[in-house]
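Just below sit the structures, each encoded as structure tokens.
There are two complexes below, and they share chain A, which is joined by chain B in the first and by chain C in the second.
Showing the complex of A and B:
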């Protein structure tokens, strides 16, 4: 019995080892560094000192930190929860009714953004929203004066870009889930006189609840960590107006060489991810009970 | 149930592809990182420096020095590892390589203003005992030797060259506005008057640009704000007291000057100023096309326009002029410039310090230094190079920008300087975008400064 149990663990052992070495170890290291004054240059680089909670205390008094935390939450809620998940669900629902040709065209168009490597997608979005970019040229062609989107509306630009890039994943997950909704339940509701939206709200959505929760969890954690897209499009500017926590952590650790403070910001980001995760797990559990 | 099973299938597929990807990545990483076995007599020197599309002069010199050095030292391989990055990222990557003995370079390219904090970090080897024996060392300019000196009085780095900042102007644009060339403004007011005249003559032109905001980084302060601030009766840092200046009228006045430039649309638009690549347009587009009247830029400006430069412009020698940036009201000494420059240093963790220093002297010998100073439009730090006819004839501006050494200033090379510089950049950004008045931005800077360095390190002036 015990031999069998050990044998069962064998196939996952490599991934456990890899995760420990490449994921857990850096997290532990980063958490430890956040209590020191480790730096890239200066005395803190030679022999980092233990400074206790200093970095976290400084964070509380730092104007840019609360702003970055708030922008991160806005970015996640708007681009992941509303944007990617909402739009993904909408497209998936529409696709169940549309003709095969339309759905395959739409599917390809949406997945195209997902297939692009992040840096390419980021440059594409930059070229689109730029002062002389595609969007302003289209608007100009229609006689509408454009705006300097990345400068005047940096959050809107990065939220739209992240929505564009990530919707495909949610759409694919929801299409798979919707395909498994038993037709007879829906038909029974129809016989009972349920309208379209009622069937959606009371039949379809509850049936795919676990897919929604899993999807939200995955895209939230991914969006929390988005860095390349923002860095390429606005670099956190202008004047920190689009500096989310990953951008702030990068700036502190690598631009100012303050590894201690940067890792403290990163630790807060990890905690934020855990909070989001816990909320989703809770939602999943409550509904099942 | 069915839906959960399906999700599970989707998820396993995702995990599986992610796992396979990471395995592939790890394999790739381990194979490329495996150290090549070093035979005892075969020594390798690792050289790290910066190379970009528009900065290849150092790479060319390094390639020459490598050939020269390998020919003279059999069994020694010089491993050149140029880093493709801007100044900020180069500094970060260099620091990261220095954290481990396995990756630390033997000889590297180091910004003068980072020397002190990197000495504190233990990255640089003390060079005094080597320099004593180097016959070329007396040929270096006395002021330049100070660039590599740390707080303990020892020298840790040898300068490659230095630079100054000046007003570069397009003669055609000024003539069109009726401004006689050569042009030499005596006060800030004369700059504004000229800029307004250019605007009146050609509303499409950008009359006088000064960098501002965080996107252009050190460029904002070195080629912009400090020319203003150091020309007032105030300063950034009191070298004698070793304290930072707060509550200064000069700081507010400098911000007010920027506000005037940007509000009256005499400079680029704030949105353009906050694009990190704006300087490329200055060199590559606006000056050559006669769209820009004048700007403050480094003495290295001709290196972009000369043959082989990033933005070749055959007519720049006739079309461009250079002027000293004036003090606020024309007070003594009548002009302002800022200097920086880069050095070469030997890694403290180097296994072959003697060979490394020897390579450093090869890169900095007269022949190589001359070729670097000419190709990169550097101001020579070797007196024998400065006197060389080839150096003086490199471009028509060498003498003008070299003379600015008399009125130049250096940044305070303290470990916390990069953060203070960022606070200054933020103040300029707040003003040109109209978010803050010069007075409020100045007060914000004072508050940020007090927080960064502490009450005991500031001075009301």
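Showing the complex of A and C:
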């Protein structure tokens, strides 16, 4: 009986092998390497030495790591929580009272930025925020002096670009959630004389709160990992002004060849992902139970 | 639904028809503004592609032509990278689908104490930031001498989307009723035969969604092949477009835009296929519902 039971689960084996080799092993290896002075070339590449907490001590003392951690928090809060989720919710709410033609046209426009390959979206955003780009043309047309956005305000540029790129996902999630809100509930509130914003705050939003929570977790995880958009638009620059943690990990490991320090930065990011991931799993479990 | 709606409708229309219409007008105006903001950054892409003298400015070309497209339509610039993209994406999708279907079958069909912990561990796996594990993956690939290997890159990319694929496939498989299979078992069919002849055909729409979902992700992936594939002959379009931009960036804006459009078309078509056939919410619910 037990043998049969194990045999039944045999088809799961290929997935387990793949997940172990390509996901679990790199995570374990990352934590391990972060305690060594492994390098891309030279002595550290041939025989890396155990250096204990050195990389983490350096991290705390370095200027670049605390800055990158802070920029990552700003990037996630501004572009994911405020930008994507806030704007996505606003669009979804507006769509419940707009005409069908408008909402389908706007839906397509918002989704377009999301469906494009990320490198193409990044090029488009680069061109848009460029000194000679479309944004400055528009501002110029309205008599407002433009700026060299990518150089003077790199964080603003990548935050707006990531909002533009990712809002579609939140919009789709919230549209689906709002479609499940029974109409007579809000209609009843209307008859009781509940004003629009009260209805929103006390009826609609509480009804879709579990969708909001899972969506926030998902987009936070996605935004934590954004690399391509930033790399194409500013490459983390000027200096370190838009270097978030993924960009820092990449630079340390591949530009400066310091795999040990790079994996230490990556490990911090992995732990962050794990924390948010645990909350996300818990949320889904509660929803099911 | 309609019965509860009729009285409340009439109740709310009597005092507020005007304010309703105004609200609708306001919502339409606000949405159009948002839509315009989302479209404007894409204008440059379209205009520059047909402008032989393109810059970063978005302007209607004086002499629109297809020269940019003609210039990038060469085996070296476009066709080989696109073929590599296709190989990577199709390989990733195939590995994903096979592994996900095999894993989903026992998870969906047999109750076991193993199921829940496994599924939640897999779900937890979806939350790993892939860009963070690229540094260790690079180290791992160096040690195993897998760097610049197309096959290894396919398996790695497949693994990054596998958790999502397993969840979606299992949810789709759950919606195929067990009774149909039991009938087949009574007729003497084995599990594998029942899976192939009954379950999979019934969930082919769902499988299509998973396949396209994985394909689109792999097609657009830049960072993974950028790190793991070194020789230009193996690089997909996402990476070759980046080096193309780096080398000719100062001059060839129009060609960059033309290349971008040609590279994006397959994904746009696939997405339209999924969303037209089944609706976004359907594809999403497969991925989102616990």
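Following the convention adopted for this analysis, the second predicted complex is superposed on the first by the 252 of 289 C-alpha atoms of A that agree within 3 Å, B and C clash if a C-alpha of one lies under 4 Å from a C-alpha of the other, contacts with A are read in each partner's own complex, and residues count from 1 in each chain.
We take it that contacts are C-beta pairs under 8 Å (C-beta built on N, C-alpha and C of every residue); 3 or more make two chains touch, one makes a residue touch a chain.
Bear in mind the structure is a predicted one, so any value in this text is a computation, not a measurement.
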Q.
Taking the superposition on A as described, I'd like to know which of chain B and chain C A:239 touches: first, second, both or neither.
A. first
Q) Which holds for A:266: it touches chain B only (first), chain C only (second), both, or neither? A) second
(Q) Looking at A:255 after the superposition, I want to know if it touches chain B, chain C, both of them or none. Which is it: first, second, both, neither? (A) first
Q: Please work out whether A:15 is in contact with chain B alone, chain C alone, both, or neither, and reply first, second, both or neither.
A: both
Q: May I ask you to decide whether A:195 touches chain B, chain C, both, or neither, giving the answer as first, second, both or neither?
A: neither
Q: Determine, under the contact definition given at the top, whether A:132 touches first (chain B), second (chain C), both, or neither.
A: second
**Q.** Contacts of A:41 with chain B and chain C, given as first, second, both or neither
**A.** first
Q | Between chain B and chain C, more extensive residue contact with chain A | A | C
Q: Return the residues of chain A at which the contacts from chain B and from chain C coincide.
A: 14-15, 18, 22, 131, 172-173, 176, 179, 214, 254
Q. Which residues of chain B touch chain A in the complex?
A. 2-7, 9-11, 19, 22-23, 26, 88, 92, 95-96, 98-99, 114, 117-118, 120-123, 213-215, 270-272, 274, 276, 415, 418-419, 422, 426, 429-430, 433, 435, 451
Q: Write out the stretch or stretches of chain C touching chain A in their complex.
A: 1, 4-5, 8-9, 11-12, 23-24, 27-28, 30-32, 34-45, 48, 55-58, 95, 98-100, 102-103, 105-107, 110, 112, 114, 118, 120, 122-140, 155-156, 158-160, 162-163, 166, 216, 219-223, 227, 238, 241-242, 245, 253, 256-257, 260, 263-264, 267-268, 271, 275, 280-281, 284-285, 288, 290
Q: Could you pull out which chain A residues touch chain C in their complex?
A: 5, 8-12, 14-15, 18-19, 21-23, 25-27, 29-30, 33, 38, 87, 90-91, 94-95, 97-99, 102-103, 105-106, 109-113, 115-120, 123-125, 127-128, 130-134, 137-138, 164, 167, 172-173, 175-176, 179, 183-184, 187-188, 190-191, 214, 217, 221, 224-228, 232, 245-246, 249-250, 253-254, 259, 262-263, 266-267, 269-270, 272-274, 276-278, 280-281, 284-285, 287-288
Q.
Could you list, by residue number, the parts of chain A that touch chain B in their complex?
A. 14-15, 18, 22, 39-46, 61, 131, 148, 151-152, 172-173, 176-177, 179-182, 207-208, 210-211, 214, 235, 237-239, 254-257
